[in-house]
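Across the two complexes that follow, subunit A remains constant while its partner is subunit B and subsequently subunit C.
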Partner chain A sequence: MQDRSVLITGCGIVSAIGQDCGQVLDSLLKVRTGVGPLKYLKTGHTEFPVGEVKLSDEEMERLMGIAPGTPTTRTALMGMIALHEALGKAGLSRDELKECGFVNGTTVGGMDKSEQYYLDFIENDTRNAYIGTHDCGSCSEMIADRFGRFKMITTISTACSSAANAIEMAADMIRLGEADIVVAGGSECITKFHLNGFNSLMILDHSQCRPFDAERAGLNLGEGAAFVVLEEAGHAAARNAKALARLSGYGNACDAFHQTASSPDGEGAYLAMTKALKESGLKPGDIDYVNAHGTGTPNNDESESQAMMRVFGKDLPPVSSTKSMTGHTTSASGAIETVICILALRNGFIPVNYAFEHPMEKGIVPNMDLHKGCRLRHVLCNSFGFGGNDSSLVISAVE
Partner chain B sequence: MIMENKSVKILSAKQISIQAPLLEEWMENPLSYNEDYVRAVDPDFKQFISAGDARRMGKLLKRALATSLSALHEGGIDNPDAIITGTGFGSIENTELFLDALVREGEQLLKPTQFMQSTHNTASSLIGIHTHCHGYNSTYSQKGFSFDSALYDAWMQFRIGRIRSALVGSHDEMSPVFSGFVRKAGHVKEGEICSEAAVSVLLASEGDSAYCTLEGVKLFDTPSENTLSKVLADMTDDGIDAVMTGMSGNSENDSWYRFLDAMLPGVPQLRYKHLFGVNFSSSATGFYAAASCLRNGKVPAVLSASGKPVECSKGILVVNVVEGRHYSFSLLKPVCGR
Partner chain C sequence: MERRELDYVVLNQGYVSVNGRELEHEASGNALLTELYRNHIADWPKFFKMDTLSKAGFVASELLIKELGEHRLGSEEFAQGRAIVLFGATASLCADRNYQETIQDKDNYYPSPALFVYTLPNIVTGEIAIRNHWRGETSFYVTEAPDAAQMAFHLACAFQDQVTDSILAGWVDSSRNDDFQAFMTVVLREDAADTGWIEGQLKRMINILNNK
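For the complex of A and B:
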């Protein structure tokens, strides 16, 4: 069987720094953070800055033409907005979706509604429809069903690497001829549940997060959704679909160290990056930019620094974490940052590691200059999750 | 390097469910229940997990680890190349404890261990940590289609040539509170036992003693009649002994399997939900039951819709339909020369 090349022929994004690719590009080029005081989530923890999507649920429902009162979740709504843009860019009609796969990544799923209606679920029957929107799979169905029926749907839930793993699974499907087009990505809204969960683990920064900074004190939660349309090269050519980028390799590895902490030498991250490079047939020196996982927690950034130095040695390419602008969009982050990488490749710039000031003793020094007009050939995008579910994608420019 | 369609061996399959744990006793002496919510029968976990570790783990994690280690032991593989897990709800007991405290007591004094275990991928990562496996590791959460998705991924990993062994599992626990929720949501229907299940299956490209072989996995959302008949024709090309269905006795659920009457006429239909109950990992119990039957060369009467045992020489097609839209087909064949 011939190996089939995987192109990206569409992408869509909604995040704290913009509600489509154009707005996100503008924010990246102006180095504008979307992290700020809480506005939409109803929580007592107003001390934590967050990267919220600047739309209420009702505004999102209106944008997507969802009738008021229809049971839905914020995760599903954001997913619809991003998928709408991705399908539009790829020029896929409702009828064509019947031949396409759909792989979504989420972990929080419909928890925003469950934490609101939990007592109703127990005590009465007024909110039963929202029980059915609690689980991860139902969110994927709601997102997909807004646009039609796909050939198959599934959901990956590997915490903060969910969307990256969704993209990997989708690419495997294309390479094996299971489908010619698979749409993959992730969606996750901020909930009280995981804001409090991350707070209980004491990994939230009380001020703007500072990935790779010596004085970093944790992450800022973000939210959003992004999807990419992965398409077999011959299929894309046959229907004159414009390729935005190529997914040239990817790797998935397990740190197998701790449920919520990364190993000091970043073994899982190292393996994910080296596997991705090997599959792409590239050498470390071919990588022109790394979009790091870079959450801003003391543990991640140290571990990831070690892993990157092990992979690249002295010739470390420019590295940045864009989470200081988007917040940590958890399950969606792999797709959000894939789209950011595509924007960087196509517009010739290197995203800045906003809010970095002080170099770590044994860490990497992230990129602080946009390098506008530069030519990027290949970029590496890291996503690491709780449980040591580490994944890396190599995304390449197309001529 | 991508492989042509090549069969994969099933070296072992283990379950903890509402039947006797880690055994095939259900084939001859199944436990039966009058209640509509039944929790799993747990084995003695001491043989798998130290008492200290066990105290920190919820039921789902203990069961996942026990079925995994038991499957690895029987299959003679210590470090599988891939660990792929399905779960509809993840560790829902810890999720519920955290959620309940959040809602009733507010945003103070919440416990990090409960939050940590609420993440769906804790089982897959725990198995990775326990077996020191740094290889491919993933988790699927698509309601009652989670195991099917995990199996499909494993099938692809073999075909793409990335792995030579995989531990594929599906694990769901059910708290009393959530057992009420899943009834309200229609995930478990009238006449069905709301249950729990943990199933681990060890797959490998080689191995001397195998239960059976896996010949293919296909997933669909809302397939057309045409697609269904084509898939069934393709997968039953060489003939099958029986089709394993998810029929439960609930009329809405069973209507989703009616296409098999017309498209596979005369093929004996099997069922397992009356023995293992219904939960998001149900389809894994059906797959496990089919693999165990092929190992023995026959399907016991208790699984057969006709009430008669079925001899196995050609294979069993395992069919799962979730909510009338998600369809999976997995073809299992006896090991050659049995």
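For the complex of A and C:
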């Protein structure tokens, strides 16, 4: 990565704990969870706490200046809010987007509207416009096209590692000289489709989730969007763009163990973290904080604990799962947690693993203190998808 | 340059051959896959959970690996460098339909994860990767009919990553439960430069599949 190093010159976020970087930072510093009773999703399964973005679709449309009745989806709306903030922070004009790429991670796409209007699709022609907004690619285009004409737009759907893989693909493009700026991240709204799916896998906690706790009983579904502006260092310097952080390494690996579950020894997670560290040229001891995938499911937290202990040995840095506050934002989680890592790096604190009480046997003990005023140099951000599609990013402070 | 021919397996609901040698069998349709499993594989009970697409892909890959004499379990030889690149026309539609029937009854509604996991075409690549402990690239492309030029192009692309040493490649399709077509081969990095040659080899396999 010596030749074309990748800086982060903008970021934007919307999640259950805040609708921009400032609000999310405030929630992290006050250790305030966004997980609570279900409010916006129309479902009978009200027994599950969720991390919803505290805005209705109509409120988001108003925020983005979209005329009522325009076909759109919740995934697209959240994506627009996050992208608006990221582009603003990076100081990119509409005209400059013609030279930028856009890579969006989503797997649920426009499923929310398909669920609402499915019977209309069959019985009449009143909602046919929403057939076209169903697929993941159309959500990416709606998000991007709101702000201009990007040079290229593509979509990555690898379930819960989608946004991390979008960031990796964007970084690859910059390193290979295919673009100087690529905006990457992910967006995903809660739908009945995956709430029910996760329920049938019996991995939803009926109360606030407790990542890495001995008594953890599953995840809370969350939703949100986040994007980072990745920019080649020389290009950023030439236009006087301020770097927020550096993407100094990344890795993706496959577990080859099971179609949905992770291997008990966390082989895929271990490989992803090891690759990311190797590429960054750093040693495990250089990492000051790990933002874990930490879903709160018995399987993930056990597997990820094993993998982290293998990578770091006795010198495990502070680890936390911020999904304890945001909920599991599935395809968006890699980007949401990347932005949280940037906030931690820039504001000198270590996010807390909310709701942890009981250490598990042979597990890691997550961070429970903010360590305000600490200096973080490098942090590792984990995102693991179904079936062990595992990704790790190393994000570093810039001088 | 004198080149060896690529090893290959061709399989459909009533025919199976390895490098052109037809294997004896009694059954046809789905039962053929079970017969081949029992006679030639037999040590992977997960086979019985699979959908037809995965079964066909799995059996074809197993027969090919056996022919190649590759060490599998306990060997890390191919762990990082072996990719899987498969192509098919109807993706997982057959499994989708079967699954849909299981959630039809409102009074007995249960979406079974064991069934809906197969409603994705790339699960077949996962089944093969899991069986062999391969952790390289896996992909499943959906395209109308086997097209040697298109397949050769995608294989050449897969070798661009500098990690992939060899690719398990082929066609696997199942439009109905008792109806499937597959061929499978292994392409090595040293073959990759000559896309025309790979295309010719694939064409030969496609011809056999189309004529059976």
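Here, the second predicted complex is superposed on the first by the 397 of 399 C-alpha atoms of A that agree within 3 Å, B and C clash if a C-alpha of one lies under 4 Å from a C-alpha of the other, contacts with A are read in each partner's own complex, and residues count from 1 in each chain.
Following the convention adopted for this analysis, a residue touches a chain if its C-beta (ideal position, glycine included) is under 8 Å from a C-beta of that chain, and two chains touch if they have at least 3 such contacts.
Because the structure is a prediction, the values reported are computed rather than measured.
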In the superposed model on subunit A, is it clash or fit for subunit B and subunit C? clash
Applying the document's definition of touch, where does A:Thr260 land relative to subunit B and subunit C: first, second, both, or neither? both
Look at A:Gly387 in the shared chain and tell me whether it touches subunit B only, subunit C only, both, or neither; answer first, second, both or neither. both
Which partner does A:Gln208 contact after superposing on A: first (subunit B), second (subunit C), both, neither? neither
Would you check which partner chain A:Ser5 touches, where first means subunit B only, second means subunit C only, and both and neither mean what they say? neither
Taking the superposition as given, does A:Ser200 touch the first partner, subunit B, the second, subunit C, both, or neither? both
Please indicate which partner A:Gly268 is in contact with in the superposed arrangement: first for subunit B, second for subunit C, both, or neither. both
Which chain, subunit B or subunit C, is in touch with more residues of subunit A? B
Pick the subunit B stretch that clashes with subunit C in the superposition, from 181-189, 199-207 or 253-261. 199-207
On subunit A, which stretch or stretches are contacted by subunit B in one complex as well as by subunit C in the other? 196-197, 200-201, 253-260, 268, 271, 387
Touching subunit A in the complex, subunit B uses residues 1-4, 83, 87-90, 98-100, 102-104, 106-107, 110-112, 115-122, 124-126, 128-129, 131-143, 145-146, 149, 152-153, 156-157, 159-160, 177, 180-182, 184-187, 219-222, 280, 326
In the complex, the residues of subunit A that touch subunit C are 196-197, 200-201, 253-260, 268, 271, 387
Of subunit A, residues touching subunit B in the complex: 1, 3, 43-45, 102, 107, 109, 111, 114-115, 118-119, 121-122, 125, 128, 131-132, 134-138, 140, 144, 149-159, 165, 169, 172-173, 175-176, 178, 192-194, 196-201, 252-260, 267-268, 271, 385-389
Subunit C contacts subunit A in the complex at 79, 110-113, 116-117, 123, 126-127, 129-130, 132-136, 138
